[in-house]
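Shared chain: chain A. Partners: chain B in the first complex, chain C in the second.
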Partner chain A sequence: MINLVLFKITLLFYFAATACYLFDVITRRDQSGKVARWLLIGGFALHCATLAARFVEVGHTPVTNLHESLSFFAWTIVGIYFLFDLRYRLTVLGAFVCPLALVLMIGSSAAPAGPPEINPLLQSWWFPVHVTLAFLGNAVFAVAFIAGIMYLLQERMLKSKKFSGLFYRLPSLETLDSINYKCLSFGFPLMTMGIITGAVWANSAWGGYWRWDPKETWALITWFLYAALLHGRLTVGWRGRRAAIFAIVGFVCLLFTFLGVNLLLSGEHSFKSLQGP
Partner chain B sequence: MSANKRDFTTAIWDFFCSLKLTISLLILLAVTSIIGTVIQQNRSPEQYLEVYSVTTYRVLESLQFFDMYHSWWFLTLLGLFSINLIACSVKRFPRVWKTVREPVLVADDTLYRTFSNLEEHLVNQPLPQVRDRLAAFLGKEFASPVVTVEGEKVHLFAQKGAWARFGVYVTHLSILIIFLGAIMGSLLGYKGYVNILEGSSIDKVVPRGGSEPIPLGFTVRCDSFSVSFYEGTGRPKEYKSMLTVLENGVAVIKDRPVVVNDPLTYKGITFYQSSYQPAGDAVFQFTVKDRQSGQDQNVSARFGQPVKLAGGGSFRVFNAKEDPAFGITAQLELTTAAGERRFAQVAQRAPDLDALRGGEQIFTLVEFKQRYFTGLQVAKDPGVWVVWVGCTMMIIGSLIAFFLSHRRIWITLQPVGGKTGIKMGGTAHRNQPGFELFFDEFKKKFKAEIS
Partner chain C sequence: MKIIVVGLSHKTTPVEIRERVAFSPTAMERPLRELLALPAIIEAMIVSTCNRVELYATTRQPEEGMLQLRRFLAQYHQLAPAELEPHLYDLKGEEAIRHVFRVAASLDSMVVGEPQILGQIKTAYSYATEYKTVGLILNRFLHKAFSVAKRVRTETEIASNAVSVSFAAVELARKIFGSLEGKTVMLIGAGEMCELAARHFLNNGVSSIMVTNRTFERAVKLAEEFSGRAVQFEDFPLHLHQVDIVLTSTGAPTFILGPKKMEEVLRQRKNKPMFLIDIAVPRDIDPKVNDLSNIYLYDVDDLQEVVHSNLKERQKEAKKAEAIVDQEIGQFHRWLENLEVVPTIVALRSRLEEIRRGELEKTFASWRDLEEKERRAVEAMSAAIINKVLHHPITVLKRGQNGTESDGYVDAVRTLFDLQMPGADQADHLDPTE
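Take a look at the complex of A and B:
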């Protein structure tokens, strides 16, 4: 299978990019950051090829099991990062995003790729639409999570006046806060559309648009939290620290929705995509 | 109304209009929703008692934790949320309506002071000329302005995307519409499940949580059912029911294939392919040829059941599976007339296989039939289209609310001797950084225009 070979090369690229990013942040060498960026671009291109090859080889949108889902999540995160990179040009954002993508890819490579057999439920056009919107939303919120962590790190260094090398690389608190809002304004509609397309699909497959399945419920829980953050920002005037903490909590919930529900709770979204009726 | 009473009413109204209530409710809904994902919902008491002690069971039961999303307290939270949503909108909407319908055409110094995007100039041209040029310029670069004359001052006002302010209200209204659709569905609709044996039909369905069957008003017949499997693992790839709908004995829908993700709807009732199960044992049709006499006999055998053969002896099918190359293959255990045991193997796509065995009788598998029950989810939900209207509004409303903004530009002209003083300010109700970029560009063109 070509896709598995491409997957391994992508993993190598992400690994090299992560190493260069960390080297850049630790030693503050711009050259290293530039190399890292090109490695990440190369890795992303290969990742696109990996997904396309898998799509062709297995004949369905490759988001049906843990291996495919983690890889797809990493792909959307890197893709969304490049969109932010166009606007903000922050090497340090890459230094946080890239290791996250690498961890997801390592997780993906550890999970069995599985046979190309899917539950008849997944044979629907709503499936690619639903997962793409949902994962894009997740990826945008992952960036918000990273910006939140950077905000708290930066703020702590400013308050304690103990500056590590990272300090010189981190953007201003203001920029980080604006990333927080940007992410919210893209992530929230994406997530909303992800949930709605999921409901449409569920209605055509199961005869009910909402069944309080643990996955649905956790997506709604996360949606409630981001809605709270949104209203806090827009009307009460939450900024900075509180918004950063909310983005972090929201993403932890999101990760639980994505992974925890499948691994710990029972429901229709389990990665055992091969279960019969 | 006494002052006290009015205070109380105002206090209640303020409580429901408060954004703090909104945020608290959102967080409360999020936290309480977790319960239903940890405790399995809508199971039988026996199933719960396997997991919980009797005391725990009683406590959880009295808190309605076993069907928490329909419990009085969860519905109360949703009710409060709706009231909060309505109250906030009622309070804020008139002001927004006024902003849109009756825009502030004249900016005074107080208003100018609030703008971060501000520009002042003095040009060596008479006011009427500047006014006409700027009005044309605004019309070309932004939007046609409204000109207001106030004493010797002249004010220009132009705006774009005023209706973007309604995006938020469309989104909020959509939530109420979705709730309405959900209530319609639960009051006027039902969900149920039926098993139909191939060849048989049903005309009523027992709703979930109910005991009295509801008549459909028509008959649904399952003409046939088929399932295909992935090679090797035997996992189902596709399963399909051929359904016929009969009304007063007349077929109104004929031979409609129903598969997962492609349901059948008739008169507001929808049938979804949901599961299947084999009905009884598989039946095998054999032709048995006597090697000596050359005579054929047709025998049908149920899986595992011994069948007597004419001319003595018997056999039974003890193993069968589907082979990618040979079709259905079956293994037979034969008992000859003399009481000896033999084994034979037959395959659907290799009819001569058993002849190679050299036995007294030659078995050929002619037909294999496994009857199935098809399991269909039945749903009647007259509120579902309302929910979809709400969802569409939510998507459109939130896209407007997030990505469009109401942008306004004010210009005030004042004669200073023979020259004209120009003051210009602008603001956007959303996406300030984006507006700033636009305004900087606008200023450059503006300077080129007036110089």
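Take a look at the complex of A and C:
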């Protein structure tokens, strides 16, 4: 099980990167931020290798149990973060993203690794397309969630006029708000396409586009939340604090759709039914 | 060889004395030449700013050198030594190195982290190179000081937070808007601080400015100065939704802007954030405005508070900077010490070799019937004695190269064996290109 060994090394890299990021934010030493970034890049490369190995071993996109899903989610979040990093060069964003990825990875390592069997009924090319789109959308919204938290922290300090050390590290409100908007304008289409491809796949697997299974219902609720935010942004000028709060609420909802439904409720998306009879 | 520093600064000396010992930047040649003519001084330079006057030099006799520098300062400026003496400090060796590194990194400045001092030292150094009064050691020393200052600047945030009210306003605006490019400022009323802040905003990327005043002519005049646009005082609320930053300092006895008006303005500008700076006393803007989302209102006290906490932040950063200085001192000090270790060892060897040669010649001259084999034995034995004798002293000298104090031994060996240092000529021969 080479992928499990790689997984453990990846976890170690993420752990070290998180430690360096936190050190950077607390002491504001730039070198430590640079080290953290390289550790995260190394971790991400290893993570790619882990997933590739897993794919080869189990023979399908590795998102059929909790272990795989959390790891895949962390991978997409870090990947999306690097896209933002190219544009904004924000060490401090990494300092928030990296711990989130680490928590997901720890969760993943705590869950039994499998080997999972996929329900043959679901084996189709729609499967990787659907889950990849859905996960990418989720990851983009995770970054929006983090930018939202950073926005609220920074806004709190500017309003109350009491500045902690974090103030000097956090980017401007406008930058954070523009990250929020960028996430929304990339995440929303991804999520929409994730839902549509899911419906098409469902139709080919079960002969029906929409079955109101709990996952589908919650995804729709989340979709409406983000749709409302996008609408508000474009027409009435919702921005700043309100947009940040929306991004946070949206992500909590999304997390429930992603994890809560699979773990707490039953339906076609639960890991059990994914793994076949 | 030691580096020495003699000088005075704002910390030790009132301005009445400082202004009398300042060197004119247009006439540096004469004092530099006079410094170099002092018998104990090998290299020298003069740093003279409004906050400090300092002489940096290298010498073989630190005590004597410092004394001569002190006398020079008093004589050159025609001051009684007793008048100057209590204000002067002098430092040698490691302490002198630390001092210059700290000064260059702006850790000894009145406002810690202010950037001018480095430029002033660079200018002082360029005079010294122009008149060729610095050589191998001071060249290397000053370049090191510049690189330490650069490290401090890039690795700490010692200079990154504003320590004046008007700059603090610009910095807060950056925390809200990010870049100030394309932003618009409105100046309501006039006042020195307000105009200064407006100028800072313009210098930091703000693209356009609107000016209003109860006296319209005044507004027109100011607008011309900032190449902005003047607005009638009665009309300014109509333009508020077009501006991102508002600076107010009118003499109005009551608030001229309240939450109701600002709410309307926000709606007009689709909640784009606004930064209001109220410098007036009594205040111009109702503090309740700060409760509105996307509006950030700061009055004079708030800005003062920001400046205060920035100063504290600088103190914290200064601690990191001190650690960097400590690191670099060690390195440079070692280089300086080692500068003389190798030449001393070479000189010591050749001195003993010279004695051995002399004695061998004498011996062979009186002992002509020695066979070749025996001659060689005597030569080998004398060489072995010298190597054995030198083994331990050289080990001790070399150990100094790895960090522990070796300067004392270098001096001791030089005195005990009466060595002429090759390094002395090297340093006397000034080479400003190093």
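Keep this in mind: the second predicted complex is superposed on the first by the 270 of 277 C-alpha atoms of A that agree within 3 Å, B and C clash if a C-alpha of one lies under 4 Å from a C-alpha of the other, contacts with A are read in each partner's own complex, and residues count from 1 in each chain.
The criterion applied here is as follows: contacts are C-beta pairs under 8 Å (C-beta built on N, C-alpha and C of every residue); 3 or more make two chains touch, one makes a residue touch a chain.
Only a predicted model underlies this, so the values are computations on that prediction, with no experimental measurement involved.
Student: Put the two structures on top of each other at chain A: do chain B and chain C fit, or clash?
Tutor: Aligned on chain A, chain B and chain C fit with no clash.
Student: At the Cα centre of chain A, what angle separates the centres of chain B and chain C, to the nearest 10 degrees?
Tutor: Placing chain A at the corner, the angle measures out to 150 degrees.
Student: Mind working out whether A:123 is in touch with chain B, chain C, both or neither, as first, second, both or neither?
Tutor: In the superposed model, A:123 contacts chain B only, not chain C.
Student: For A:158, using the defined touch cut-off, is the partner it touches chain B, chain C, both, or neither? Pick first, second, both or neither.
Tutor: Only chain C; A:158 stays clear of chain B.
Student: Between chain B (first) and chain C (second), which does A:168 come into contact with in this model arrangement: first, second, both, or neither?
Tutor: Only chain C is touched by A:168; chain B is not.
Student: Determine, for the superposed model, which of the two partners chain B and chain C contacts more residues of chain A.
Tutor: The partner that reaches more residues of chain A in the superposed model: B.
Student: With the two complexes superposed on chain A, say which partner A:231 touches: chain B (first), chain C (second), both, or neither.
Tutor: first
Student: Answer with first, second, both or neither: which of chain B and chain C does A:203 touch in the superposed model?
Tutor: first
Student: Touch test for A:38: chain B only (first), chain C only (second), both, or neither?
Tutor: Touch partners of A:38: none, neither chain B nor chain C.
Student: Using only C-alpha atoms, work out how near chain B sits to chain C after the chain A superposition, in angstrom.
Tutor: 7
Student: Would you please give the residues of chain A that touch chain B in one complex and also touch chain C in the other complex?
Tutor: Chain A residues touching both partners: 236.
Student: Can you list the chain A residues touching chain B in their complex?
Tutor: 115, 117, 120-121, 123-124, 126, 178, 185-186, 188-189, 192-193, 196, 199-201, 203-210, 212, 214, 217-218, 220-222, 224-225, 227-228, 231-232, 235-236, 253, 261, 265-266, 274, 276-277
Student: Provide the residue numbers of chain A that touch chain C in the complex, in ascending order.
Tutor: Going by the criterion above, the answer is residues 28-31, 154, 158-159, 161, 163, 167-168, 170-175, 236-242.
Student: Note which residues of chain B are touching chain A in the complex, please.
Tutor: Touching chain A from chain B are residues 19-20, 22-23, 26-27, 29-31, 33-34, 36-38, 40-41, 69, 182, 191, 230, 232-233, 235-239, 259-263, 270, 272, 274-276, 375, 377-379, 381, 384, 387-388, 391, 394-395, 398-399, 402-403, 433.
Student: For chain C, which residues count as touching chain A in their complex?
Tutor: 154-155, 157, 160-161, 172, 174-178, 269-273, 290, 293-294, 296, 298, 302, 305-306, 309, 313, 320
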